[in-house]
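Mind having a look at this structure? Questions to follow.
Labels A, B and C are assigned to the chains in the order they are written; within every chain, residues are numbered from 1.
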Amino acid sequence: MTDATVTTIAPARPAAPVTPAQGYWGGVAKRLRRDPLTLICLGVILAIVLAAVFAPLISPADPYKTSMMARLKPVGTPGHFLGTDELGRDMLARLIYGGRISLFTGVTPVVLATLIGGVLGLAAGFFGGLVNTTIMRTMDVFYAFPSVLLAVAISGALGAGLLNVLIALTVVFIPPICRIAESVTTQARAEDYVEAARATGAATWRIITVHVLPNVMGPVFIYASSLISVSIVIASGLSFLGLGVSPPQADWGLMLNTLRQSIYIAPGQAVIPGIMIFITSMCFNLMSDGLRGAMDVKE
Amino acid sequence: MILYVIRRLLLAIPIAIGVTIVCFSLIHLAPGDPLSTVLPDNATPEVVEEIRAAYGFDKPLPVQYLVWLGNVVSGDFGLSIQSRRPVLGDIVPAVQNTMILAFAAVLIGFPFGTILGAIAGYSQGSLTDKVVTAISITGVSVPHYWLGMVLVVIFAVNMGALPAMGMGPGGQSDFALNWAHLRHLLLPAITLSVIPAGIIARSVRATIADVRKKDFVSTLRAKGLSPAWVFLHVAKNAAPVVLAVCGLQFAQLLGGSILVETVFSWPGTGFLMNSAIFTRDLPVLQGTILVLSLFFVVINLLVDVLQTVFDPRIRRG
Amino acid sequence: MTDTLSLAPKTSPRTLPVDDRGGPRQPMLIVEDLKKHFPIKTGGAFGGLRTSVKAVDGVNFTVAKRETLGVVGESGCGKSTMARLLSHLITPDTGSIIFDGEKVGASGGISVRDLRRQMQMVFQDSYSSLNPRLPIVDSIAFGPKANGVKGSVARARAEEILGLVGLNPRQFARRYPHQLSGGQRQRVNIARALAMEPRLVVLDEAVSALDKSVEAQVLNLLARLKEQFELTYIFISHDLNVVQYISDRVLVMYLGQVVEIGEVDELYARPSHPYTEALLSSRPSMDPARRRTEPPLAGDPPNPVNLPSGCRFRTRCALAEEVCAKVAPVLTPLPDSPTHPVACHARQPGAGHSLSPAA
């Protein structure tokens, strides 16, 4: 015997097939599919990533092959679609290969920082008390540095190199991610459903993985995705300062750095690598906005 | 109110101490023996001893830290390895120059960002709003060091209208309020202002849109108040948030200027750090970072306090 | 341990005897001198000046097996804090909880984990007490699974319990909380508690957020389930009519303390503490002629940080006298009714109040 509430909500046909609830991620995917701008950005990023991954297959030339005869050729030169750089290397090939390091140094720190900062924030938020104070006050200190300054400080002190850039940027991004994770966890922890779960006598790890983590991951994920754009710009910036990989490696920031010397001779060539950084950063930014819009729906 | 300010001040102290610890650790982060990183390449045994004593590298780390902190507090940031002169002598003019650049960027970027954001927030959903949003996203995403290069290509290389490097005519590095000097300031300041302008436009738009949705605004409108009056009320309510964003962005400018200064050879802190990094002049790097981050702490503090003055409801603590 | 949980699905009353250690005469719950003070910062330049909110301050009572104890009191008097203390969701500062003759957390007693298995809670906010990311069947099955029941068994049982609380599992099991009405969600919360096969269920304002008609349905459901599963309820509410309807005995709380406990009929007919009296006469009467225009309970309760000396109710009590400011009254049975304790000088022989009955 169903009662009044049931019948008002689901009138008639109680035997009718149940509409399968699509769940949270189903709804997100559906909303994303209706957002052309985000889809375009996703497509562009995918194209850049695929180009970087399959660089040896699609690259029109050897990115390391120098030619004293063909230096700083402009865009549209036969044989060199985007011209050549200061050592006569094919620009297009170097941009394609450069994506490998630039994307790697841009995305990896955010991933690492999300893992580390996420776990720290989760612990701080869930356990509270002294754990919280210790973790969050430490984060406050790192938060007290402007982000670019901290990145330059750490990678400057550690010295140039890919690994050091990754370390520096990871350290830069841990505090903001940790803060978000902590505040969302603190909120989630106060929810009655976490209380109810604790009231079943369930183990702490089980409560965290089933009831806290899934509700914390969304906001943290959205926030982290917005950092990728920043990370790519700063990573390339460090490279631009000469703190990243060393020549003759191809990397967008480093290309900007070396081509800058020739800015009066070949101004067109000098700015090309920056366009790649710009496009990538922009697409990640817009995609993150789109994701936020699609995921921020209160259920 | 006063109590709150005092409390906020006291809360900033541990942060400042933490900042000094991080800065102190930078030298020990550097690979190898910390002594070797502060030694000039051609150090004679006497110099080695001198520096060992100066840094007290033979003592345990906490002691070294306290000695170093004591020195820093009394204005002794150590000696530059490159120039063998006191680091502070290099830092002070560099900080001044960075400040000049940052203020110029503020003068350009903040009004621009605020106005754009206000227009967008007021015409939410319209074409104007979309254009402004696009501009601000571009501003937020653009690698500003690259934008600087693009500006150089346009205004210096192609048009020859503005100088691409330095602070004044003939490589001068002191500032004067005349066109000869302001010309040099223009491109780097514009470049530096782009990111904060974008961020400010974004948050002003969101805040204004938010305030306009509030009940009291509809009430004001219903009462038949003129749009100008309504705008004034909206602006008053959005002000604290805008102020906070601006303050934080100003603070971030201090860090963001590193790359722009490098592009334009602007003799500020960024330029100083950049050359310190490549000469492995860690005392200079350390000192500069310490000064800048303490500035950052102070600015954040001021923003917090000012914000409570404007809006006593916000009493974070 | 898991024996009662790993049972094959069942709809009838308990098939296996539960671990009824003490027998029917042993109270389900004995609470002694339970205290929880929340430390709080009250300004000061150094953030210092620590004081505390005495949310629960020395509470004693017992709950018999298979009875319903109603708990009433104004907002902020510590009802929820007490509920959370009972299942050790927050740790008491002092005091002991004895569950079916076994002391909680003591050596040789019952562990917090075992206590929680046998004591479940239903919260007021039906929405926030369900994880928005889980289909309700998984929310219900979570507890048993966390206690070692196999996933498939726990789910099957969860679906069955959904049926028991009046929600067709075929229709509802895979739904998310936002796809249900408030009444349906509260049924799910009750199902979630039942899935643990508890012996004691603490219902903290479990029906307060519901419409009157839905509230009545849920109350009937609770009454039915109580019979079917031989449950004991602690039913917290500020709605005196609901408490009267569902309770066997009623406990009245004021600012973290118990001021009166009694059989429901006796307490409602003969409220003895001035606070209970005020509460009861303040409830809307069905008879317009008897409706009072002025609330008998004037003013707000005092700040729980700065409590009045002596009797905490004296700032609002019409009977307050000198002795009330000096001595804090102790919960003592009325001379003529040993099952009806009251904490008021005016009701206690020789307490020094002008209305004190002769000893």
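Criterion: a residue touches a chain if its C-beta (ideal position, glycine included) is under 8 Å from a C-beta of that chain, and two chains touch if they have at least 3 such contacts.
All of these numbers come straight from a predicted model, not from anything done at the bench.
> With centres defined from CA atoms, tell me which chain sits nearest the overall protein centre.
A
> Of the other chains, whose C-alpha centre is the longest way from the centre of chain B?
C
> Chain A to chain C: how many Å between their CA centres?
48
> When the C-alpha atoms of chain A and chain B are each averaged to a single point, how far apart are the two points in Å?
Their C-alpha centroids are separated by 24 Å.
> Cα centroid separation between chain B and chain C, in whole Å?
It comes to 56 Å between the two C-alpha centres.
> What part of chain C is in contact with chain A in the complex they form?
84, 87, 89, 112-117, 119-121, 123, 125, 128-135, 139, 142-143, 146-147, 166-168, 170-171, 174-181, 183-184, 189, 192, 196, 213-214, 217
> Write out the stretch or stretches of chain B touching chain A in their complex.
Its residues touching chain A are 14-16, 18-19, 21-23, 26-27, 29-31, 137-138, 140-147, 149-150, 152-153, 157-158, 164, 251-252, 254-256, 258-259, 262-263, 273-274, 276-278, 280, 282, 285-286, 289, 292-293, 296-297, 300.
> Tell me, which parts of chain A touch chain B in their complex?
Chain A reaches chain B through residues 137-138, 140-142, 144-150, 152-154, 156-159, 229, 233, 236-237, 240-243, 256, 260, 263-264, 267-268, 270-271, 273-275, 277-278, 281-282, 284-286, 289.
> Using the touch rule from the top, collect the residues of chain A that touch chain C in their complex.
Listed in rising order, the residues are 1-6, 8-10, 14, 18, 20-21, 23-24, 191-193, 195-203, 206, 210-211, 214-215, 299.
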